[in-house]
Every structure is written in C-alpha cells, then in structure tokens.
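All chains are identified by letter, namely A, B, C and D, in their written order; residue positions are counted from 1 within each chain.
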Amino acid sequence: MSPARLEAFSDGVLAIIITIMVLELKVPHGSDLTALYPLCRVFLAYVLSFIYVGIYWNNHHHLLHTVKRVSAGIMWANLHLLFWLSLFPVVTAWAGENPDAPWPTALYGAVLLAAALAWLILQRAIIASGGVLRRALGADWKGKLSPVLYLSGIGLSFAVHPWLGNLLFATVAALWIIPDRRIEAHLGIEG
Amino acid sequence: MSPARLEAFSDGVLAIIITIMVLELKVPHGSDLTALYPLCRVFLAYVLSFIYVGIYWNNHHHLLHTVKRVSAGIMWANLHLLFWLSLFPVVTAWAGENPDAPWPTALYGAVLLAAALAWLILQRAIIASGGVLRRALGADWKGKLSPVLYLSGIGLSFAVHPWLGNLLFATVAALWIIPDRRIEAHLGIEG
Amino acid sequence: MSPARLEAFSDGVLAIIITIMVLELKVPHGSDLTALYPLCRVFLAYVLSFIYVGIYWNNHHHLLHTVKRVSAGIMWANLHLLFWLSLFPVVTAWAGENPDAPWPTALYGAVLLAAALAWLILQRAIIASGGVLRRALGADWKGKLSPVLYLSGIGLSFAVHPWLGNLLFATVAALWIIPDRRIEAHLGIEG
Amino acid sequence: MSPARLEAFSDGVLAIIITIMVLELKVPHGSDLTALYPLCRVFLAYVLSFIYVGIYWNNHHHLLHTVKRVSAGIMWANLHLLFWLSLFPVVTAWAGENPDAPWPTALYGAVLLAAALAWLILQRAIIASGGVLRRALGADWKGKLSPVLYLSGIGLSFAVHPWLGNLLFATVAALWIIPDRRIEAHLGIEG
C-alpha cells in the first residue's frame, strides 16, 4: 500500500469526522434568541474539537510525508488513531451539553489523551519502518507534554471545575497551532 | 502541503456538508400530501443552501488554482472558511423550520456573512503568499457587496419580515451564479 | 475545471448519499424477530435506492468520460443532478415506511423522474460543449423511456396500488443494469 | 472504468461507513458515570465493527491490486459487497443495545456472513476476468473458514448465549488481523 492511499483514506475519515460533529449541534427548539442559549456551550465545544481535528489533519500530512512504504504496523496504528478521533463527535456533544459536570469533560480529555497516545504509537511505527522521522521529530516536547496536560485537565475537572480542564485542553490546542519555532528549538536543546 | 491536497480535503468536506444537509429534511409523519406541508419551507431553505455550497465549491477551485504553496496561514484560513460552511446544515434547518421568526433567518444570514468574511480572509492570505490572485480579482465588487447585502438582509428580517431577508440572501446567490461579465467589467472600471 | 475534479466531487457526493441512506434504517425497538418486521419494507426501498445510486454512479462515469472541458453549464447541470439524487434518502425512507399509501411512492417516483430529467439536461449540456457524446448515445431509448415509465408508476400508485408503482420503478432499474446490447441495438435502429 | 476509480469510490464509502457508525453511539442522558453504562456494550460492538471495516478496507486494496480492467461483473460484485458493509452501522447498534438477546447478535452475524459471501463472489468475478489473483489466493482457507465460523456463531447465539456468538465473530476478526504466515502456508499445503 502506498502512503498516498493511506493518506487519502485518512483524509476522507477526518473530513467526515469534522463535518458530522456539526450534526450534534441540534436544531434549536423555539424560534427566538433564548432557544440558542443551550447551544452556546455545545458550540464552544464544537469549535475546540474542530480545531483539534484540523491540527491532526495538518500534522498527519507531515507525518505520512516521511513514510516510504506502509507496513501492516503503520496501517493499524493509523486506524487506531482514526478510531479515537472518530469518538470526538460523541464526547464533544456530551461535554458540551454538560459543561458543569466533571465526568463529561473528563471523558473528553480521556479521548484527547487516547488520541495523543495513538499519535505517539503511530510515530513509533513509522520510525521503526525507517526513514527520516526520528531526526525530524527532535525532542518532540509537544508530543510528550500534551498527555501530561490532558491528564492534568482531567484531574482539575474533578478537583476544581470542568472549565479549568477545558481551559487546559484549549491550551494544548493553542500550543499546536502557534508555530513557536524558538520555544521548539530551545526545548529541543534542553530535551 | 500541496494545493491539490488542500483542495481534495476541502472538496471532501464540501461534499459531506452538501449531502448531510438533506438529513435535516426529516421524514414526514403521516402518509398523505398534508404531511409534506411543513417540509416545504425547509425544502426551500435546503435548495438555497445547496446552491450556496455549490457556489463556494466552484469558486474555491478557482481561488486555489492561483496558489503555488500552501502556507500555514492559508491552511488555517481555509479551515476557518470550512468551519462556517459546516454550520450551514443546522442554521438552514432552523431558518427553514421557523420562516416567520426573525432570529432564525438572521442567524442564517449571520453565518452567510461569516462565511463571506472568511472567504475574504482566505483571499488575503493567498494574496499575501504571492501569485496572480490580486490582479485576477480586480475590484472584487461581488466579494465586497455580498457582506453589505447579508447585513441588510439581517436588518430587514427584524425590521420588515424574514422573507425579505431571505429574498436578499437568494439575490446574492443569483449574483454569484449568473456569469454577468458585462456588469462585472463595468463595475470593475467604476470600483 | 477539469472533468477529473468534477468526477471526484460527484463520486464523493454519491458515496455519501449511498451510505447515509442507511441512517434511515432506524435501529429496531425491541430485541426479537418481530421488531424487524416494520424494517422489511424500508429495507426493500433501501435496496432499490442503493441500486439506483449505483447505476447513476456507473453511468455518470461513462458520461463524464466524453467531456474535455467543464463549462459552467455542465457544472451546474451536474450539481442539479446531484441535488435530486441527494433527496433519495428522505423519499426512500418515506416510501419505505408507508408502502400502502400512494403519496410517498408517488413522491419517490417524482424524485426518480426529476433525476432522470436532470440526467437528460446534463447530457444536453455535455453535447452542447462538443465531443463524441451525441454519437455514442445513439437513440438513447433508455433515457427517453425511463421518464415515461416513472410517470406511469406514479399514475399507477394512485390508480391501482403503490406496489405496482414500485414494480415499475424496479423495472426501470433492471433495464439499466442488464447489459442488453441486442435490444439496445434493435431499438437504436427503430428509434 | 479503471481500478483506481473503483478503489477511490469504495474507499470513500468505507470511510463513511466507518465514521457514521459512531453516530449510533448516542450522547448519554445524564452527566455522571452511570450514564455511560448502557453505552459500554454498544461501544464494544462499535470497536469490533470498526476493526472489521478496517480489515475489509485493507484486503480490498490487495484484491483490487490484481485487477487490470473493471468489468460490469466486478463493478456490481463490488457494489454488492459495499451494500452489506453499509448495513454494519445499523446491525452493530442493534446488537450492541441488546447484548443478551439472540436475534440481534444473529442478525449481526448474518450480515457478517453476507459480506463474507459477497467477498467470495467479488473474488470469483476478479478471477473470471483473468489476472494473477487465483494463484495469489492459494487455498484461501480464511475465506472458506470464515462463513463456517459465522454460521457457528449464529447457531451458538441461539443455542447457548449471544456472548459466545460474539466471541466467535471476534475470533474471525483476529484471524484476519494476525499476519499468521506459517499457519497460512501450512493450511495452504493441506487445502
């Protein structure tokens, strides 16, 4: 199997995930502004998940770019990643509908964590098959820091308030969007 | 990232958006003609949104055609556009189910407006990366006029009746479909 | 726009239509065999629509194969066809849930008819842009006969029973599947 | 039609099937951990079906790789396979929601069986069109054993308990994942 086909299939799945998430934004009952209030938090959760899928889509491309030949290990590691990403719509909706309860936000964080670990597994499968990925990754401080932040977010959702957990999850997303090359280089030296 | 892949992903998302909108056309309860009446207005809203996604899909192709290399700015500006387009199904359904209330139509117009602004941002990101887009655009009177018409439609939905707002939104769609080269040239000179 | 991209987008929409139709097969309430009975007729309707989308997908490929350059007319004629095909899921579900009422079956037939007319319009747009399609089509007896049979099926649904209408719709599908070259040649001479 | 296009369309349908299955994981009612309990078994069913679609996607690629020219027989055999795979979401949800009743698990097994038979039919259609598939298949013990195991699973769901049926269905999936070359070679000689 060529990397191009793995990428096309993954792109298809990601395009569907990012789009069906919106199906969880249920059409409001009622026709005035107050009917939109319950949707506000689901909307915010949708925005965050949309950004996350966008980040994964973008980085997934760079990751597969280093692959020469798709082994069975890479294929299943990739499907494993897509599996956790496919859970985004349902956990996004549950967290968005229950912003004050710790469990929904914690489960959202747990799926983010599982996707992050699946990402690391996919990286290892690609490194094991050779190629230039190991050197390109460097210390990979983002990949290592993210699971810690997800775990902290889950803990804070129970200990303090789900909003703090969500704040941490949004922070991780911001870390991955901002092309912070200096910090990356700096931590790359220290790591 | 190559423009081809950005386009393939965007095409995938647009194909899904244009298709899942139909899921908001709920199967009628009852089996005679009267069961279809409540669907009529949702159907009209669906037609308008279908045309809008078709227009965006077609123009998106022309826009990306001028891109040589996809920068991070272009990628996120593109995702930003897809985000607003992904809201079409839910706002279409809300507006279609409540054709006489101002808020649903206004929200529909607001999402149209946001998509139009996201389109202008994407244009700027592409122009900033170089290439021939700036000259090809000319005065871009359609791109500049559309937000004004959307805002007017939102205002008229509250001040007069949502139907007038919808009429204006349909007018904007017609402006983009009709290949009115003479008007385009004329206004291009005046603009 | 190249025909390849038009085809890729259309394939995407058709793949989504053929798959989301299954979402209208609602998960049965109850856990024994009797819970499946109400699904039987929806299932049959699903099978017929699945075959129809398969036929359109297959023929769409042959049609676009003759296109050299996609004009605005071809693009909108193609979107117009996709629009009617996108209504298959909802009319399939309505007809499947109400197999004994004339209106749902008639509406199903009306959407089949509209898709068939959209198909003829797309053919004309392609012929108008030049190329070899006109000669390849020959008398196109299938394309001309199908609308007549759809109309007859709609009429029979009211006059006799929806089952007869569905029988006719299934007959048209069979006409398009069976690679009946002799009949095609024969009628081609007579036509 | 080229095998590349058949594969792209099939990939699209498989990507959609694998993703819309998650729509059957309904957002829990309630906001604490107990609200997740009813989802557990649907989740397990989802995992199994996700793996099955992954297996079919992977093997489908290898199968089509041996095709030079897509005949009408291959195209319809392929659509026939996609038809049964498209039923995965609904039977997965029914089986997952009723893990202790024999009929839902039996129907799940019946759809797995139908997909396996559709797979064998597709293989035959490809072999009939020439190419190297027959030699590459060898004794195809997995393809022949799977239907027997599905039938046994259906029988055990009624005779003993659905869990035993599900265990057998999971075993078949494991057989296809594990790259068990020695067993394959061994049974290939005996077969």
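What to note about this one:
In this text, a residue touches a chain if its C-beta (ideal position, glycine included) is under 8 Å from a C-beta of that chain, and two chains touch if they have at least 3 such contacts.
Quick caveat: nothing in here was measured; it's all calculated off a predicted structure.
Identification of common neighbours of chain A and chain B yields an empty set. Homomeric contact chain A/chain D: same residue numbering on both sides for under half of the interface positions. Superposing the C-alpha atoms of chain C onto those of chain D requires a rotation of 90 degrees, given to the nearest 5.
Chain centres computed from CA atoms place B at the largest separation from chain D.
The distance from the centre of chain A to the centre of chain D, with each centre set as the mean of the Cα atoms, comes to 28 Å. Each chain gets one centre point, the mean of its Cα atoms, and the points for chain B and chain D are 39 Å apart.
Residues of chain C in contact with two or more other chains: 8, 12, 16, 20, 23. The touch graph of these protein chains is a ring, one cycle where each chain has exactly two neighbours. Looking at the complex, you find that chain C touches chain B at residues 1, 5, 8-9, 12-13, 16-17, 20, 23-24, 72, 75-76, 79, 82-83, 86-87, 89-90, 93-94, 97-98, 100-101, 103-104, 107. The touching residues of chain B, when paired with chain C in their complex, are 7-8, 11-12, 14-16, 18-23, 25-28, 31-33, 35-36, 47, 50, 54, 57-58, 61, 177, 179.
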